[in-house]
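Before anything else, here is the set of structures, which you'll find just below.
Two complexes come next, and they have one chain in common, chain A, joined by chain B in the first and chain C in the second.
Up next is the complex of A and B:
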């Protein structure tokens, strides 16, 4: 990059001191940026850093909690393919202990969280190394299978270069069988800056766009134009992860169901079975899913075979088996809680609660004078930050409105 | 659990249903029941000095914290014979309930959709979870949270979604929900709450033995997380997770679910009655679909 241009820019903006290039402390202007990151943290009266750190944490929380609450149709029934880069580039140690180890660990929690929030959705995992793509798990709704596949040690055997095109083609092939009422998504985690493809990846991009598959990618190294373009064209997200925590945040953005934009998406009535739990039998019987003997299980209402956990598809007759609470678990995506408004403390304290702390409606904790408070636009009850985050991220219920 | 030598403290939130209309139907008088609940609270606090307690009362029109509150009653003289914390809890709970009943009988503003014998259980549980969320985060040591619902009111169908949300939030936080149903029919919602979170559901037979509420509370709800792993808890085999269809309120074992709003129907329909979505013509079914053959099963009707 042209360094001179950068310097000139700086002079233009910060041309205040007598020497132009020198900042207030006598250092060069471009050095100041390094100081600022810790200048923000100021000790309070007692000499502790706690309040400053708390302030930064609050900012982070607030950033996360603002959600889109407009009523849009969301694809509750999803089909997501995870693509993991297994190339040598994933062995880099910029994430601890290595990129691949950090990724696999985060993906484990991703899988659990995904099925927690999307209980009637499906997932598959593909790994790409040595220019090939390989399916680790097929589309299924059982989180245990996927977690076990991720824990497989052979995932850490890295080799050669990845092939994005092969991986996308394999993912598309897998998604072809998915019914039209469900969303189709691919989430890639790439540590490599190159891809070793057999053909023109632009054609794959066009095919993905045609099939209305949403491709999202989290890059661990840097932004690559061809990857970014594919994500943009297919309405997906593209992000470059700074560190492990950022990688987790970026991946977890793919967990809430995306809005339906596809013109091809159809609405269907899906036949589903609501099995009864088999009561304590005298003799253990094998289940059809793992062929293991057990006393309890769920009986498929159509073919009377026994499966050991819900939600799943019956292995004998293929009927999707769920329980009523699984469906209920998805309702909060359909009726999201409204974001609370932040109340300006100065304006507010002048009106009625002069100076005194306010009691949070949720946890009955006192909101200290200076701390921000949040108001539900519907019931006008006020909450502390802790409750606000909890209500919108976990509970999905306003205690004042229900 | 390697910390067997020193099990950590518990955080118990009691949701007390004070719906007077429902208590009137109960053979156990409310004041006697309340005494028994208070004895249970004292027993819980006596179990371990670090144990934390909160009490939330609910009825058809409101929901408030009884303990801990800032309010202190100066008129009562400290008794030498009574442990300070017991006295504090006892007076706050008893006067709180009294106030609630007084204000409840004066005001008649019931939120729309709630009937006489129903209470705002989902609101109380939401508050309880907010309290637990803050309590567990603020505490330095590990603290095991759980909720006890002493319920008398009937299920309010409009609370279903809210209650389900609270149940899943509780499951995520690792909160056990114990339910003690004192009067009336079994509460289907609360049964599911106990089942999903791993707590106990108890239907107390107050008809025959009037002291049985305290007995049941002591035997099933007093034990902490750690002790429970060594106890046989009352087991409920009959919990039914089958769904009820939205169209006829019938329990279905094979249903049809709208892919947009997840409403459940017992029959095929061209349009979803909840979200007004028109369905594509073909019924989606599994590849090797075969109609149910056993007797009493509803065959998919052709419209």
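Up next is the complex of A and C:
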């Protein structure tokens, strides 16, 4: 039809992705009465939806964030307090099965990922319900303590209203013990629109700013101006989660160490111990942290007392004890891998790349025609999309450069 | 009352004993109790005869102290025969507790054996003060005589001797009840007398502080909109539940209801009647859409309705001085002249009278919430043009419309970045080997799978298999369960070892805590005391070893096993002492 030819000359602004969102007769989206988003998924010749689903998955993968790769100072030794809302609003069933159950589950994976990415950091958990705040676990570097506390059934008892001010005050008091060379953060998950505070929360906000504590929050209900202001004033992240997947993404934004913004952060020398493993095959001895008999452990280099697991602070002399792999795991935050350049296939449609696609250097799989390839700027090797994602998210080292 | 030569009075207080009122005297030699009006004391206890004291719980109704004393003619190893109970009759419980604590502390000092029954704090966790206090000394009394004689020496090494106040004791009880690990440690160290109570808590102050902060958190006023929702019962009846909390919130929200309550209850109508009428009235049900549910006219609550309308609908409620100019709509009325052909029916506040009262109530509720949080500070707006301009300027800058500011970041200054990424292994670490090398290396591992020949030269398969299974067996052997039980250490010995460790670790904690801070003369004294106490621990260890060597057990090597078990404590104690001496003498040498 003549109308279709004309339409192709126009730039269709609503064309998102390979399928496009054109309506049934090819006009603009605003010309339609309603948008039929199910038209995006169309069956291919054999009647299966697989290619359409694959296309959508590719799109999602391409949304890989182009990370900032300048080398900046980050707080590697972090002290994070998790504040969980235990009020009645968390019993709403808009997330399966209830907000609080979904939150606790996501928090378990958060705790594990957090200690994976920040092995020398510490975490504590505070819960707030019925206008008061209660500490569930103390600042420690052992993920098992926290996971056990999260699995505790009494967390699912909801009551009253949360109190952000009480939770923040208790968190600040706990963070006071943290040394100044580490970064101090509070991550809150709130599902309530109100907060039941005994005093003026602006004072708490000023105190937080003065103590250089960074408050981030993920809201499950709606944006509340007071919460958002606190997060912004303290340079934290504030987000409102749509659903469980979005909640998980927003929470995991808090996992990479934040950049150091304070001008007075000096690079002091911190004393740390690297204990050697002691495994006495014959005779068990008690450890100083739990006073339980065990055959193997780590000997603190300063006071010669045995601790069961690393990383931890020595119970007797207070020296932070780590092992070298723990520090090495934190390096990739400081020295991030550079982003790969995307190379379009059309540019390279020269003689050498005709016919079969290029072989990816990482997995040695063929990169099919239309898919883009990604090139490392230093070693100039090319990788497919999956290898690119894997290298940047998990491996943190380019196989071509190493 | 007559004091003997050399006797000085330490404490005195009015108490009652066996239902008689009297006065209790505590001197440096004896404990005396004289009934009111009597000349001679009815109860005289020499310090040497004193054996055990017990106290009532902190929240019991009566403040009591019970003393167990050896009677005349008893052998030293008998259980105390006489007990006396003293009760404080102060009206002020805090005073009585503080008073009794004075005695408790004094008696603690003269307790001959392990001071198990002394404080209420360690036994409070088990629930009842008296029976558990009686149980513990019996259990620990069974231990070897040498052990018990050493423990008062431990207990006497006091570092910081402020007696704990009643709140402190309660705080400690709370912390112990919440934290099972700490309670276990506390039982093992303090209750058995190895470490004194104050020492135990002096390195764990932060736990107490956190508990104090947590218990001091106040609950604020509820800020949600009160929505009394009924529950439907069988038969179509609705049930409203009004608790005192809800009643308080209703009174706060609607002061006229409060006034009506004060006026009418209880002389005119009963409380239940009042609430019944409240729930049935038009005042409560004015938001219902169907007129059938709108509620009945009621003498009391219709007055409330009218009062509320007049109060909230009063145009002079807000004096114009206090309203921010940006919020004052009357200032921009001249800009909102009618335009166009049709009359403008949008943006007319209060068009629907049903919603008008609801909107007014919401606004009033918000006002109450802000007032309770911020207080009723209403400052006069300044008139100076500079501040006004600044305020208006600040109000017109919308953060959502601005470009996001990039955060200031501090660049990572590392001189030689490659140093971090190379290993410190000395020697040749070139990983690149040529192809021939690789082939050669591979050939050592290659297996010839040509099955045409019989497998004549099997090589060292048997030795390899033996090595493999041996290594697997070793690992499995190491991690077998019940490995500790196999050592057959008798429980008394394992307890003794635990005590050595416990005492040693506590001493070391104190020592290192002191060493971390800059050294002052008092700290040096304390540290000297601690290092002196190390000798006690060493003695204890030696006694444990001798006990092990002489004990009967299935394990023939018990002595050497125990010796190896306590070796690490000896090492840590020596290391701590050496470090301390090095610091002290290092300072001396340099100064």
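Some points to look at:
As a working rule, the second predicted complex is superposed on the first by the 356 of 402 C-alpha atoms of A that agree within 3 Å, B and C clash if a C-alpha of one lies under 4 Å from a C-alpha of the other, contacts with A are read in each partner's own complex, and residues count from 1 in each chain.
Keep this in mind: a residue touches a chain if its C-beta (ideal position, glycine included) is under 8 Å from a C-beta of that chain, and two chains touch if they have at least 3 such contacts.
Everything quoted here is computed from the prediction, not taken from an experiment.
Clashing of chain B with chain C is the outcome of superposition onto chain A. When both complexes are overlaid on chain A, the residue A:332 reaches chain B alone and has no touch with chain C. Applying the stated contact rule after C-alpha superposition, one finds that A:77 touches chain B and leaves chain C untouched.
Contact with chain B, but none with chain C, is seen for A:363 once the two complexes are overlaid on the shared chain. In the superposed model, A:276 lies in contact with chain B only, and not with chain C.
By the touch criterion stated above, A:379 is placed in contact with neither chain B nor chain C. Of the two partner chains, chain B is the only one that A:396 touches; chain C does not reach it.
Judged by the touch definition given at the top, the superposed model places A:235 against chain C, while chain B stays out of reach. Once the two complexes are laid over each other on the shared chain, residue contacts for A:196 go to chain C alone; chain B is not touched. Touch criterion met: A:317 reaches chain B and chain C at once. Residues 73, 280, 302-304, 317-318, 331, 334-335 of chain A touch chain B in one complex and chain C in the other.
Of all the residues in chain A, the ones that touch chain B in their complex are 73, 76-77, 116, 179-182, 266-277, 279-280, 301-304, 313-314, 317-320, 323-325, 327-332, 334-335, 360-365, 384, 386-387, 390-391, 394-400, 402. Those residues of chain A that touch chain C in the complex are listed here as 70-74, 130-135, 138, 160-161, 163, 165-166, 169-170, 173-174, 177, 194-202, 235, 259-261, 263, 265, 280-286, 288, 290-291, 293, 295, 302-306, 315-318, 331, 334-335. By the touch rule above, chain B contacts chain A in their complex via residues 54, 65, 68-69, 120, 122-123, 126-127, 129-131, 133-135, 137, 159-162, 164-169, 172-173, 192, 196, 237, 239-244, 252-262, 264-265, 268-269, 272, 277-280, 282-292, 294, 297, 300. Within the complex, the chain C residues that touch chain A are 181, 184-185, 188, 206-207, 209-210, 213-214, 217-224, 373-375, 407-412, 414, 417, 420-421, 478, 483-484, 487, 497-498, 501-502, 505, 508-509, 512-513, 516, 561, 564-565, 568, 571-572, 575-576, 579.
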